[in-house]
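Worksheet for the structure shown next.
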């Protein structure tokens, strides 16, 4: 039984590669999907497609329209969602993706460091499972197959 | 036609009073609901009800269970949601409430300062309307009645 | 049993007044709602609320965000939808409102002149009832109470 | 990950071939579906199946019943919808398909020329992404795979 | 707590009056709704509103469009459905209303004589409760208040 | 694109074989499913599985529970439903299956002879397409692939 | 803002009176609903309405059909559900009501003694809030109004 | 047509092996899924993943979060659910899984011994089919293919 897992979170480092590698080592039949990880492409895609915009406000909205469409398509195809939070970045997009997944009844695993317990308490309570590391998140996925 | 509007956002100041006053001046038939605004009560409600918890992690989760139940009940009764973001605080709970509202097809108005355009771009693109001030948000509500 | 009926259609004349008057004469316990009928307010509401926009494209989108929010709120409260088409105007907004209502399982009555049979054939086939005049549409509403 | 994309729009020219060719050149794993493109078959299918009808009204409705069934089946199988508008034709069927897709939460890309900004403003605001050319629409689809 | 109950069934006699009288005697706070009971009006409503039709086929379809719209509106407002079957008449409309109610998760009480056990077995198994008389059906409704 | 089509209707003759043969001749990639066609097995399955029942009422209900489960599973897997009506038999089970399919938004084709226009008018108006013969129904399916 | 709260649980003692009294003392605008509390009426209602049944199996099923219909109607009208578990009785009906409420997205408060932590762990994890006493459950309800 | 069947029930013996063996003998194209059957792993998984917990309450909740996520994922993939009850164990988790399946409109077969007729009467009435043995349950599944 193959599962598709959406990896929500910041796109400033390659944490998703970690996830995929560990899952591969464990031979888990899981396909991972996620947002555009090339950060400048993610920011520029709007203007790349429809042309230069009057200001950053419109530039950001044009890019977000396309990024959100991509997320919607992939999230719909997903069986489980992993949402990773770290101490850097606002990550409101991550919170939005996690909350949307939960509202759509998609099981969601939250990964967050101990230092973020308090600001993430409500989302954590709603999420199916909350862990602190990528390894733990994959263990939860692996458990589906045990 | 009375409407119920959920005011999502931080509970560190009384911005909701502003909203209610402006709406009152305009004689809008709107009932406003929102989260628990007494910040320490909001944090302590878990332990108050079920007793002292082993650590802050469990204390926060116990409180969040009750706060989330309250939000669910009130959000369900709401016709429109206003989500306010400011430069202080993590506000992941606000992002969660806004995204949940949108996923539940509840029209949502985002209020955010110009300085937060970039980190809120995806949520802003999904929200029905994005404005910068409380006054503008109420104007949008008022427009429903014009 | 009071019903709320959404009147979708162009806002260039006061056909909605006709609807309300006939319904009133028949003493039907119906509340009618609809889009903003002041055409220039409808077009300008975006800039009025959030300020001047770089071009008509952005001006129109800002206004539409607010008009669409208004429509969503009122459509949600509606039990039946009447969508009126005439020979003037593109009326893609009307087609959108009618189709949305049908997709949301809200009974919809289409009013269209004989000259528009062919271009409206698909929407007419989907609509619950298709008539040619406002009088006929109200007769259908009246029949709910007979 | 293969996707199915429904191409909504007029059936008076072969714009869909353009779409398929560009997607093919880019090696996108996308299956395109759409309405019956043989215009006279589309208009005549009702009478062809159930026999001659009393007038064009009934002829059109019989054909639409069958065309709408076809659209429903294919739209349900689709992950994304592209809706193309041009300056010719009423295109109320296209508006209906686009709005239905959006109401069913299917990501929708609107293609419309600059000249139609104003009459399509509401639908454009609701659509996930709005572009002006087929090339841009395919770039958005391609972005899902980047 | 007032409830609205839809009375589905043939419109050839006044069995609904029986239902209302018994409920009234028991002082049940129930509002009863149902289809158009004037049989010729029910059959003629299509032609009455949109004019004479080419044949009975079109006459019946025009009437059904309007009758179905009425049923949809009232069924949506209902909390419970009672579907009465008797030995006369085809009653496919009744079966349709009962099945639709069940598919929409509206509790449904089936009333049918012993002689119709076999042909109604599948619908009876799906219905919440099956009884043989109107009195029994009202007892079930009454039980909600005990 | 393979489709699954549920064939609802009486199980007293092998009309479904006709359907499958015509579809096969036309090389349509369609999988047909339907109810148990062995009429005595259909009636007896309840007692066969759980043992003899006190009377026909309980025997029929036990069988219907199992037949309904089978229908639910297969209907859920279906993309389109064909419901055939004839002049014999009560066919309330067929009406239930057709109405359930429509309530679940599954495109439904009704096949009924001219003599049943009147008693089937409401169901026919709700169905996507109404035809008189099996050949016509398959033409409608075939049209999805043209 | 009045709320309706469904009280799921055994009907062998009058714990619901406790709930209502405490809520009344706190002046909470809450309407409480629940199952039939007269235990023998609850068990006998089937035979009372449709007559004596062949055995307890059929007697129980006849009663359950009516009790389940009552629960469905009242649960649908409810905004919140309280499910009380105690050490006596199987309480599978209570578990069913609680799980159904959660699946229908109705906020649910679980009341269970410490001794039942282990057997109720999965249901408790799914429930919005878990407490040990009726007083605590009402405090959670009261918190919605604070 | 392959089906996926979720086997809900206690994990204290290997009854699921029986189910799989009988289905295999009958060559049924069914994939069976279910909860974690290693009882101590099921109880310990929480602490195994996120570390030792302050008490059994938290240990159980941590494990349930992960077990519930597993169940949600597998239940979602399932077409039919079998829920087995026996005289041992509280089985509130089983009742929760069965009720959740029914609320999600997944056909459910209940297996319970005669001695549990009374305490399972409500769940049994809601379930699609109730049988007493595993053999009978498989016969019902087999019937889908006959």
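Quick notes on this structure:
Order as written gives the chain letters A, B, C, D, E, F, G and H; numbering starts at 1 within each chain.
Here is the rule we use: contacts are C-beta pairs under 8 Å (C-beta built on N, C-alpha and C of every residue); 3 or more make two chains touch, one makes a residue touch a chain.
For reference, the UniProt names are A, B, C, D, E, F, G, H = YtoQ family protein.
Only a predicted model underlies this, so the values are computations on that prediction, with no experimental measurement involved.
In terms of the stated touch criterion, the partners common to chain A (YtoQ family protein) and chain H (YtoQ family protein) are B, listed by label. The interface with the greater count of contacting C-beta pairs, when D-F is set against A-C, is D-F. Distance between chain C (YtoQ family protein) and chain E (YtoQ family protein), defined via averaged C-alpha coordinates, is recorded as 31 Å. Inter-chain spacing, taken between the CA centroids of chain D (YtoQ family protein) and chain G (YtoQ family protein), is 49 Å. Averaged C-alpha coordinates put the centre of chain F (YtoQ family protein) at 39 Å from the centre of chain G (YtoQ family protein). With centres set at the average Cα position, the gap from chain B (YtoQ family protein) to chain E (YtoQ family protein) is 44 Å. For chain C (YtoQ family protein), the set of residues that touch two or more other chains comprises 65, 68.
This structure has the following touching chain pairs: A-B, A-C, A-D, A-H, B-C, B-G, B-H, C-D, C-E, D-E, D-F, E-F, E-G, F-G, F-H, G-H.
Those residues of chain F (YtoQ family protein) lying in contact with chain E (YtoQ family protein) across their complex are 56-57, 60-61, 63-65, 67-68, 71, 85, 89-93, 95-100, 102-104, 114, 116-126. Contacts from chain H (YtoQ family protein) toward chain A (YtoQ family protein) in the complex involve residues 31, 33, 36, 38, 41, 45, 48-50, 65-66, 68-70, 72-74, 76-77. Residues 54-55, 58 of chain D (YtoQ family protein) are the ones touching chain E (YtoQ family protein) in the complex.
Across the complex, chain B (YtoQ family protein) is touched by residues 1, 3, 79-80, 105, 107, 109, 128-132, 136, 139-140, 143-144, 146 of chain G (YtoQ family protein).
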